[in-house]
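Dropping the structures in below, format is structure tokens.
Note that subunit A is present in both complexes that follow, paired respectively with subunit B and with subunit C.
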Partner chain A sequence: MEIFVCLRQTAILKEEPKIQPDGKTLDLSGVNRHLNEWDAYALEEALLLAQKYGGNVSIISLGPQEVEEVLFYGLAAGAKEAIHILTPEGLEIDNWVIANALAQEIKKHPFDLVLTGAQAEDDGCGEVGATLAHLLGIPHASLVMRVVYEPETNSLKVDRELEEGYMDALRLRLPALLTVQTGINQPRYISSMRLRRFKKSATISKVSFDDLISKTQGFLPKKEIVKLYTYRPDVSKAKILEGSPEAVAEQLIGQLISKGVL
Partner chain B sequence: MAEKILVIAEHRGEEIRDVTWEILSGLDELAGAHGMEVHAVILGYGHERLAQELSGAVAKLYYMESEGLKFYTCERYLSALMPLIKEVNPKLVIMGHTAMGMDLAPRLAAAMDSPYMPDCLDFRFDAGCLIVTRELFGGKLRSEVKAVEDQSYVLTLRSGVFTPKAREGEKQVERIVPQLGEEGFLTQFLGLTEPPKEGVDITKADIIIGVGRGIGDKDKLQVVEEFAEVTGGVLAATRPVIDKGWLPKERQVGQSGKIVKPKLYVACGISGASQHTIGIKKSETIVAINVDPHAPIFNIAHYGIVGDLFEILPAITSKIKSIKSLNK
Partner chain C sequence: MREDQFVDELKEMIVDIARRCRNCNYCYSVCPLFESTRGFQVQGPSGILQAIRYGIRWGELEGEEKEILRDILYACTTCYSCVLKCKSSGPGVPLLDGIEGGRKLLVELMIGPMPEQIKVLESLEQNGNPYDEPPSKRLDWLRDLENERSLSYKLLGKGAEVLLYVGCTPSYNEGIKDVARAVVKLLEEVGADYGILKEEKCCGSPARRMGEEGLFEDLSTENLEAFKQSGVRKIITISPHCYNTFVNEYPEAIKGFEIQHYTEFFADAIERGSLVPKLRIEKKVTYHDPCYLGKRNGVYDAPRKILMSIPGVQLVEMKRNRDNSLCCGGGGGRMWIEVEEVKRLSESRVEEAMAVGAEVIATACPWCHIQLEDAVKTTGNEGKIEVKEVAELLASSL
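== the complex of A and B ==
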């Protein structure tokens, strides 16, 4: 089975994110980044499937130079090949453009299965997976929590997560795309020593975003952020208890006893 | 002719899901301001009663009936919906940001070549362009996102944002039997599994102590366990804690876990992402303990404590212990 996993690098936001003076862009200087949490599960699932049923795992990511980090991480985890679609500095794109660029590149290779995370930590859109499946003309299932390969029909049997503990069971003919939900597996631990070793010696194939799009149309973003602001919870309805831990404990217990809760 | 909005209704277990009614509430203002007509479509098989029920709430209700539509699959829904969308030509197609909406909406938008706006909290039209409000980074930030001008837009609305209300109008259903050419489909629906019933049923507990990512480490659960013991509460957790395997799946609270309504819910190190809070909102009393004074959990808390969980919880635990020993 030839498996492609799409990886996204996401910023790790601390409590107080900084917004640029333009009021619509995030100031990400000095902010650490990592592999999108959902994608880590997708990567692990790909590696497990390849291990169990045979095959190769390729990883692909789109972005500026620094997204190499997640590709080295994927190689250190066990992926065989890595492709980096290098975007020019300051390029403004959306998930539609990302999906189109990924589709252009993936189409050049043989594949049976494409995996993505069910959503990204940053924008939470969950848009790239299903869009990419449409562009590749293959079936998809999202929020997948279990995958079993059925060689006799060249199909996958999957469970996808619904609300409140319900699950749908589906069978998808390959090639197909799955978006993977967290908790489907336990992503392996990659030591920093191993990661350093791969950064030194592993190779990543570079593809220029501009070359990819010059061959096609329909790469214009369909949306843009026009305003960005820090969310402040409305605490007016909450009684905020203050003081030392002992003082807070005393107040809280008093309140809960008087309300008859304790 | 008035521009149209098409609502894609959702149902499970012979009921129209709440989010569909919430969408109708969310559309009242928009449709009124722009003189738009709200239409809805329900896809199913033997769901005539639901179609009737919903038809009283919209200007026009399409009921697409076919055996292949009894349960949701993306392929069959798309195949049925695309011709209808061509015919109705809606300015906006809207559905819930549910497991179904998350699966169907992005693919539908791609097939329509339309902008997709997922998980919206609010939406409006400004000079013909759709502008939506949505969260980023799990609720730390909010954004207004503007779509490029297009013939139509696809949007999913977050559950629980708007309040459903009773609607009584003329009940008229336009029944459509789509030709689904079953052999062309690459996806097969195998079954719907109900939630497993083993383990502790946290929905029956009066006091629930919820643990979030802020706990940091499995070993530190002990502090929360001691607190649960003196209060007679049971432990529950947010998805990330369950994903790490620190507590069993049946303890998961939220959208994909359980909806709980205890007398007391103590949220420990829980930031308050909507996927979790949707499961605890109906608790009688919510206490939140979090180091971040801007954590969204304080939105729905009745009592808030800003501080270190591992200093505050032991203080509460020992205080309760001393009160109990006095009462003996």
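== the complex of A and C ==
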């Protein structure tokens, strides 16, 4: 089974980020980045499938030079080949264009299965996977929690996570695309030494974004961020109720009635 | 170094240590893991060592049983009792080097660490602490104290004689921040010329215990550089884990600094007369020896000297003390994992303290403190006995 996994590098927002003066973007200078959490699960699932059913895992990522970090991580984890679609610095694109660029490159290679994370932890859109499946013209299942390969029909049996503990069992004929939910597996830990060794010795194939996508092809962003803003609940009004459990419960009910909640 | 070479060297080292073990099993008599679990062969020092040895020999590192092997290796508390026992009654096999070497091997082969420890290692790498806390909040505990009183510390690198290396748990854990504040109050009392790093990072001990050698190297290199930049001559630690790491595990350059645990520093101050406990604490106190201070480094007397210098304190010893002390169960990366135990070590320890009529369990380690405090609650002894850090008791007697 030839498997492609799309990896995205996302910012680690431990410290509260500031909104840039343009009101549309975050100031991410000095912020550490890592492999998107959902993508780590997708990568692990690909490696487990290849180990169980045979085949190769290739990884692909799009972005500026620093995106190499997640590709080295994927190679250290066990991927056989890495492709970096190198974008010019400061390029502003949306998920539609990202999916188009990924589709253009993936089409050049043989593949049975494409995996992405269900969403990115920074923008939370969950768009690239479904769009990419559409562009590749293959079936797609989202929020996947279990994958079993059925060789006799060359298809996958997958379980999707629904709300309230319900699951959805589907069968997809290959080639197909799955967007993977966290918790499907336990991603392996890549040690610092192992990562260092791969950074020194592994190779990444470079593809120019401009060669894949040009404005003449009509792949222009279809969305723009109008405004980025924060909603901050007023925590200064929080009140700690004290006393015995009975007294606290009585005070709480009194407060809820006085505020019109009850 | 090639991957194969590093892995091969680790395997060779482990097999060599395991080969030297005579399987006399004397180490089982002092092993807290063996005592607290169902007592299978692989729940004791030489059994763990032989498990990784045969894992290597029989190719189980690639097999389906590799996760069982991982669980066996990561259950060890790394308390050092087995090494001491082996030295006292045999040739002195470095059992823990073999067990920790096994963890390094498993991490390198992407089998380790334990799943719950992965986030810890990621946080160490990203935030410089194991608690997934932002670096910007590391000095919040100090700000709180500054609101109460003026302090004379220097935010290094401005230069000071002594560096207080606070450590991650006293910096971030709500229940342990008071220990850091107590140590600062004591430093103020003795008039120490002391500083605190502006951007302190974890000493790296948790990384090493979990087998993440590369991350340990990164953190130790960064810390050593920060120490050099600060211009200090002496470093005082709050946690015995940081202390042990600096003294026994850091690169050679650390020898340019005098390292002391805070109990040693303040015991000296009391002996010199520059620190005089005055207020009476009328309590029966027992001292729990942290493994990384006692068994690993032989610091048994300094904390006891401090406790005995506090007027009113009646120091009583538990049945097991000093190099025979029972581990609290929090070392070796176990703060973040759940090991199946018949009886929790920390609960056994609280019961030992209760048995000698202690009202206070004094300790000198943030992790022992947390473990024992939890055990006081789970054994239903809240209100009967309390856990205090030696520094807290000393500070409250000034």
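We take it that the second predicted complex is superposed on the first by the 229 of 262 C-alpha atoms of A that agree within 3 Å, B and C clash if a C-alpha of one lies under 4 Å from a C-alpha of the other, contacts with A are read in each partner's own complex, and residues count from 1 in each chain.
FYI, contacts are C-beta pairs under 8 Å (C-beta built on N, C-alpha and C of every residue); 3 or more make two chains touch, one makes a residue touch a chain.
Just so we're clear, the structure is a prediction, and the values are computed from it rather than from any experiment.
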Query raised in the report: If you count the residues of subunit A that each partner touches, which comes out higher, subunit B or subunit C?
Result: B
Report task. Would you sort A:194 into first (subunit B), second (subunit C), both or neither based on which partner it touches? Result -> second
Query raised in the report: Should A:80 be classified as contacting the first partner (subunit B), the second (subunit C), both, or neither?
Result: neither
Requested in this report: Scan A:255 for contacts with subunit B and subunit C and give back first, second, both or neither.
Outcome: first
Query - subunit B versus subunit C as contact partner of A:186, first or second or both or neither - result: both
Report task. Answer with first, second, both or neither: which of subunit B and subunit C does A:229 touch in the superposed model? Result -> first
Query raised in the report: Just subunit B (first), just subunit C (second), both, or neither: which does A:157 touch?
Result: first
Query raised in the report: Counting only touches as set out at the top, which of subunit B and subunit C does A:140 meet: first, second, both, neither?
Result: first
Report summary line: Check: subunit A residues flagged as touching subunit B and also subunit C 15, 186
Report summary line: Listed in rising order, subunit C residues that touch subunit A in their complex are 1-3, 6, 107-108, 110, 112-113, 115, 118, 121-122, 125-127, 132-136, 212-215, 217-218
Report task. Flag every residue of subunit A that touches subunit B in the complex, lowest number first. Result -> 11, 13, 15-17, 19, 24, 26, 95-96, 99, 118-119, 121-127, 129-131, 133-135, 138-143, 157, 159-173, 176, 182-183, 186, 218, 220-235, 237-242, 245-246, 248-250, 252-253, 255-256, 259, 261-262
Requested in this report: Provide the residue numbers of subunit B that touch subunit A in the complex, in ascending order.
Outcome: 12, 71-75, 98-100, 102-103, 106-107, 109-111, 113-119, 131, 134-148, 150, 186-196, 207, 231, 239-240, 242-245, 255-259, 263-264, 272, 284-285, 287-288, 292, 294-299, 301-307, 311-312, 314-316, 318-320, 323
Query - Contacting residues of subunit A [partner subunit C, same complex] - result: 12, 14-15, 32, 34, 77-78, 186-197
